[in-house]
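Take a look at the structures listed below.
What follows is chain A paired twice: with chain B in the first complex and chain C in the second.
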Partner chain A sequence: MLLRQTRGQKIFSVFNYALLTLTAVLCLLPLIHVIALSFSDNAAVSGGLVTLWPVRFTWEPYAYVLERSAFWKAFGVTLQRAALGTAVNVLLVILLAYPLSMSGEKLRARTLYVWIFFFTMLFNGGLIPTYILIKEIGIMDTLWALVLPGAVTVFNLILMLNFFRQVPEELEDSAMIDGAGHWRTLWQIYVPISTPAIATITLFCVVGHWNAWFDGLIYMRDAAHYPLQSYLQTIVVKFDFQTMSATDAQRLAQLNDRSVKAAQMVVAAVPILLVYPFLQKYFVSGIKLGSVKG
Partner chain B sequence: MSKHTPALGNERRRSFRFGYKTKREMPLHFMLLPGLVLILIFAYIPMVGVTIAFQNFIPLKGLFGGQEWVGLDNFDYVFSMPTIWQVVWNTLRIAALKIVAGLVVPIAFALLLNEVRNVLFKRTTQTIIYFPYFLSWIILGGILIDILSPSTGIVNKFLGWLGIGPIFFLGENAWFPYTMVVSDIWKTFGFNTIIYLAAITSIDPSLYEAAAADGAGRWKQTWHVTLPGMHMIIVLLMVLSLGTVLDAGFDQIFNLYSPQVYESGDIVDTMVYRMGLQQTQFGPSTAVGLLKSLVSFLLISTSYLIAYRLFKYRLF
Partner chain C sequence: MRKKWALSGMAVMMAFGVAACSKSSENSENSGSTSAASSGAVQTASSDSAGGTPITYTFGRNIDPNSDPIKLLESQTGETLADNRWTRLFKEKLNVSVDYKMVTASPTYDQQFKLAMASNDLPDMFNVTSEADMKQLMDAGALEDLTDAYKQYGSELLKSIIEAETARVFEPVTKDGKIYAIPLKMPSTNGYNHLWIREDWLTKLGLERPKTMDDVYKIAKAFKEGDPDGNGKPDTFGLQIDNAFRENMKGFFWGYGAEASPDMWVERDGKAVRGFVQPEMKEPLAMLQTMYKEGIIDKEFGTKDNAKSMESVVSGKTGMFYGPHWSAFTIDKTMQNDPNAKWIVVPLPSKDGSPTKVSLTIGKDSYVAVKKGTKNPENLVKMFNVYVEALFGKDAEFSKYYGENGVENIWQMSPIYTLDPMIDLKAHQEIKAAIENGTTDSLGGTAAGFYANIKSGMWTFEMMFGPKDTPFAYVDQSYPDQIVWNAYLGAPTPTQITRGSSMDELIITSLTAIIMGKTDADQGFDKMVAEWNKLGGDKVTQEVNAELGK
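So, the complex of A and B:
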């Protein structure tokens, strides 16, 4: 009996490791393939020789991408929106989470405020009214159109709020006794204590801004003002669709384009890869903080 | 004074403390002000703006400037469109498939990963499977378009070696919805696996010891300890996913669909986009958006209500 169990366990273990390895590899293969494409020679790419390793290694596609001013311009817009947008996001989240983390006794209108924010998670005006609004308040084609509509992220607010709630109340009370007002209590006690939560939310926001593309696409009239992902959308995704149904002959003429597209995707993914270790570290705690509290 | 002052003290002071309390609260109101103003502008004005659905909306006149009211004409127009029910069906179908797969796959993986004793292997696997979550649908879409191409894509080349003829995953109605579901799982399952793993690690280890003492093997322990230990988070996420049955994934589908697959892949959100921003039919587009918002409102409210009733789950 005991022997059979351990044997069963062994078989299961082998199967388990194999399945998990296979899945992880499958998740990664498409990314590796695209990286290999981006470093491969035109002829090798069009000849279909590239699988998981660059064939006839070349920097050419990257040189081509990095020489294009449109690419850098879009990169710059993204950096700007990420910096400004994240600053606004995080500042607002801190300012909102502090009062809302209080009991109804300390802030009597708390319930009303909470409902105002909570209701936006239940109902929204939808695409067209928002679009018309952006147009009418005159922020179309400016950085503000990419920053202000999403300035308050209720999800992050909930994360921050739950973190603030864990700050021992005695700490706050003693600060108050020492004569500190709400502002000083917030900046000198809550904010320093909450560095992990603030770091988590900052990363959420940076990644969110880095990956956002739809707002750029609809709020920027001039394609020169596109952030990176919107720019990529027009090049990597949209363009390809027009050629997709076309004949193979047309396709062949475009084949050398594949490595260029691949190179652009890789460049756009590198910053995510760079912050990934931090993301991993904070995201897990962030998730636990947020969705698993029940 | 601290709020831990005995109740008696509070009672005594309440009458003349009212003004003081209001003054004490002022900074809190100021802190809320900027966020409040922004959310009133960017969330609440569009909520009022759904009135476009009942107007013959002319952008030049402005959001609140004397538009012509047309009653339910826009809704009539929308429901006379031959494709509308197909679009609704596509949305429900893709969303439902994603919800089911999005529950089953991560739970299965969390259970499997939980059996892994090698910490390095466990961590590496996690690191790999939830990386795609952080890439945008632009990048993932670009990758999919390349690898799934029927003529040059590596997937079809591989299938060719196996003697399976080229499959146009993104261009055939028979394949498109499933391609959406599988690629969505690719992006999200690692992330959700972490949520379930977190739930597993919070299970009291003594339960396993007790089960083992009663002669339960690994399999029985999984069935009788791990799964029941996860049941709360599973039911909770199931309930909350109710609110997303009209969200089939705009970001993904918008970047991967094409007119050939509208029949199986056009969803409410992509339809709203095309009608509204490409064909500038603001009224009908807003009408569809409003209907979606209303149904979602009911579904999300219900799901939160259930979650609250069952688990005292609350967001704030």
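So, the complex of A and C:
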């Protein structure tokens, strides 16, 4: 940074910043638009008059959302799912990453195991077999259907595994000499010094669970059990006017209520936005450290 | 990443739907153990013929249990979707209980339904939302034959409602002369496409209401050029159009003859033919092309869906559009953006001013079928009997079961439902007569409900069902004399399933290109028809006519 930049570098920097700013603006505009919609009068919204600033400012959509029991129920399901799901994810990742980070001498066929896990990242059984599996083990329409199928997140596992491999072998050896078993080594040596990585994968898991909607739609057969994003998907998704039942006038009137939808999206996004600042400081170092030995 | 996989998995699943389904139904007949385990527990309690013996059916129903009306009813009376006046009525009259196994609104329901079909996990009774699914289920022998049940147990009232318009309503659920599902009959008048006009703009520019398609053009041109919103800027459009113009402005095409029905099959020389490839389409397309050239219609229509394109109508920038009667809910907000706005619906203009033929498909929501092996399938028909009796019978308690205290659609909160196809039209006629005779206090049925809404200041209801210049005033004038029924109601044919999407792609892009003036409306259209036939159009037409026995 202290070196003088050449002309070419300066030009590059200008373009670089311009491009990055543009990208950032492109990412932000839809968010701002949704927020503007959520604070606007419904007539202005259906007239397409709202762009980036609320027209005829109102709190009404939020008042409506706060009164909506279905919304809060879905919110509750998502909270449970995120808590339980993340706990399961992180625990399993740590327990798996530890043995798999050992050298080939300590754990024979280690590469084979890693490949088996890696394989599931590329290929899976497909929707119907997975669905039948969920049905046959009897967790359909329960919280477990949202938690168990994705219990081991292989991407996070590889991240964690690489992080563990950076831990100096001497540390482990000295722990062993002091009489610690694998169990103790893992919890008292590896886990405490891996906080950045653990924070990172926790963030990944929480966000993943918070945003997942497809599994909710498929495995929850009663729409009253939907997690938040599945619930939002059903109200935001574009309806085909040709196939919908026309006498359903009430629902049509609601469909027009885009300001309410926008308010629900904002309310649903707030908690996860609040999590970010607390975990983000670990975020970059977590990913970077894990990838050095990739 | 995983989401993407899941989605592509979904697509693959759709493609394999046929194979998977036929396989699963074989399983159910051979082993039957898994399905029996899920539903059998309750059923074993009942003996063979359930006259008064209690029986529970698992149900698949495409309704959103979280929807506002259901929550509103719950807050008023504690009733829920699973336990309300309807389910209690079925219990009381038939000793039939309903256990919702799959309950969510379309289109999610349709996905879940396909999954349940593929994994042999269907409930005892369920909504079938598409003709294609219906055909798969019938071909796989996965459904109970309801022919005798309907003939033997169906009440006169039920039959009069379901077959009110035409018995062809059973066409999509019939195989080899047997019926496999009961259609949820709905008013076909929902298929109307009305012409909505800003009357205040007409008055301002000194224009008459349109009688012919040339009048429509003149008005649209004046709306574009005459600055009807009076802001001194040329920022208005004459006529609304969006990327699904084939469906959303079919009323425009109807003006040029019944054959120009862009979303239906029409009859020509005794054969069923596809409306959008008929030469009658050329003239309306040429007209739209002219409008496009002159900037009367939005030049960006190809990228705008109906909701987006209607924004300009609501904000008071477009003065004319084609749409169904419930468009009133969309344009309700126009008056908030422009207090002078006054909407009217006029009778559909035609090329020469003669009455326009209205092409309708038979109105129904979905079908209810019974899984093969379910005990006493006739109970479904009996439930329908009880249902129509409660709403339309001699001792009907109409408002209790139709809607009351601000909950408009209690009638939908039943596992099965159907409405008198004339229900909306009758309401309009009664309201009109009552206003003329000053007897609005003695209104009953739907009319009373609609009139109460009008009285309470709901513009939408007044606009839809009021006496003059409303959609139903036009329906009253034209139904059923000017109706032409869709010539084919069955499932997509094999060629349609394999080639349908690319054929449709060709039509929509070609039609859009014609309107945008990139292709000639005459030769360009002929070329499109030739290509469509080559892609499989000929074959589809043959298949459809074979299906119809023509």
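Here is the rule we use: the second predicted complex is superposed on the first by the 227 of 294 C-alpha atoms of A that agree within 3 Å, B and C clash if a C-alpha of one lies under 4 Å from a C-alpha of the other, contacts with A are read in each partner's own complex, and residues count from 1 in each chain.
Criterion: a residue touches a chain if its C-beta (ideal position, glycine included) is under 8 Å from a C-beta of that chain, and two chains touch if they have at least 3 such contacts.
Computed from a prediction, not measured in an experiment: that's the story for all the values here.
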Chain B versus chain C as contact partner of A:Ile218, first or second or both or neither: both
Contacts of A:Ile128 with chain B and chain C, given as first, second, both or neither: both
First (chain B), second (chain C), both or neither touched by A:Pro99: first
Chain B versus chain C as contact partner of A:Arg7, first or second or both or neither: neither
Partner chain(s) touched by A:Arg165 [first = chain B, second = chain C, both, neither]: neither
Partner, of chain C and chain B, that touches more residues belonging to chain A: B
Which superposed partner A:Thr51 touches (first chain B, second chain C, both, neither): first
Chain A positions touched by chain B in one structure and by chain C in the second: 48, 124, 126-128, 130-132, 135, 150, 212, 214, 218, 233, 237, 240-241, 244-245, 248, 251
Residues of chain C that touch chain A when the two form their complex: 1-3, 5-7, 9-10, 12-13, 16, 20, 64-69, 71, 100-108, 111-112, 115, 118-119, 121, 129, 186-187, 190-191, 247-248, 263, 305-308, 310-312, 314-316, 324, 326, 329-330, 333-334, 336-337, 363, 365-366, 408-409, 412, 419, 424, 460
Chain A contact footprint on chain B (complex, rising order): 1-4, 21, 25, 27-29, 31-32, 34-36, 38-50, 52, 59, 62-63, 109, 112-113, 115-116, 121, 124-125, 127-129, 131-132, 134-139, 141-147, 149, 151-152, 154, 157, 170-171, 186, 190-191, 194-195, 198-199, 202, 217-218, 232-233, 236-237, 250-251, 254-256, 258, 260, 269, 272-273, 276-277, 282, 285-286, 289-290, 292-294, 296-297, 300-301, 304, 311-313, 315-316
Sites on chain A touched by chain C in the complex: 41-44, 46-49, 68-70, 73, 124, 126-128, 130-132, 135, 150, 155, 212, 214-215, 217-218, 220-224, 226, 231, 233-234, 237-254, 256
Chain B-facing residues of chain A, complex: 5, 8-9, 12-13, 16-17, 19-21, 23-24, 27-28, 30-31, 33-34, 37, 48, 51, 92, 95-96, 98-100, 102-103, 105-109, 113-114, 116-118, 120-133, 135-137, 148-152, 158, 161, 169-170, 173-174, 176-177, 181-183, 186, 207, 210-214, 218, 229, 232-233, 236-237, 240-241, 244-245, 248, 251, 255, 258, 261-262, 265, 268-269, 272, 276, 279-280, 283-284, 287-288, 291-292, 294
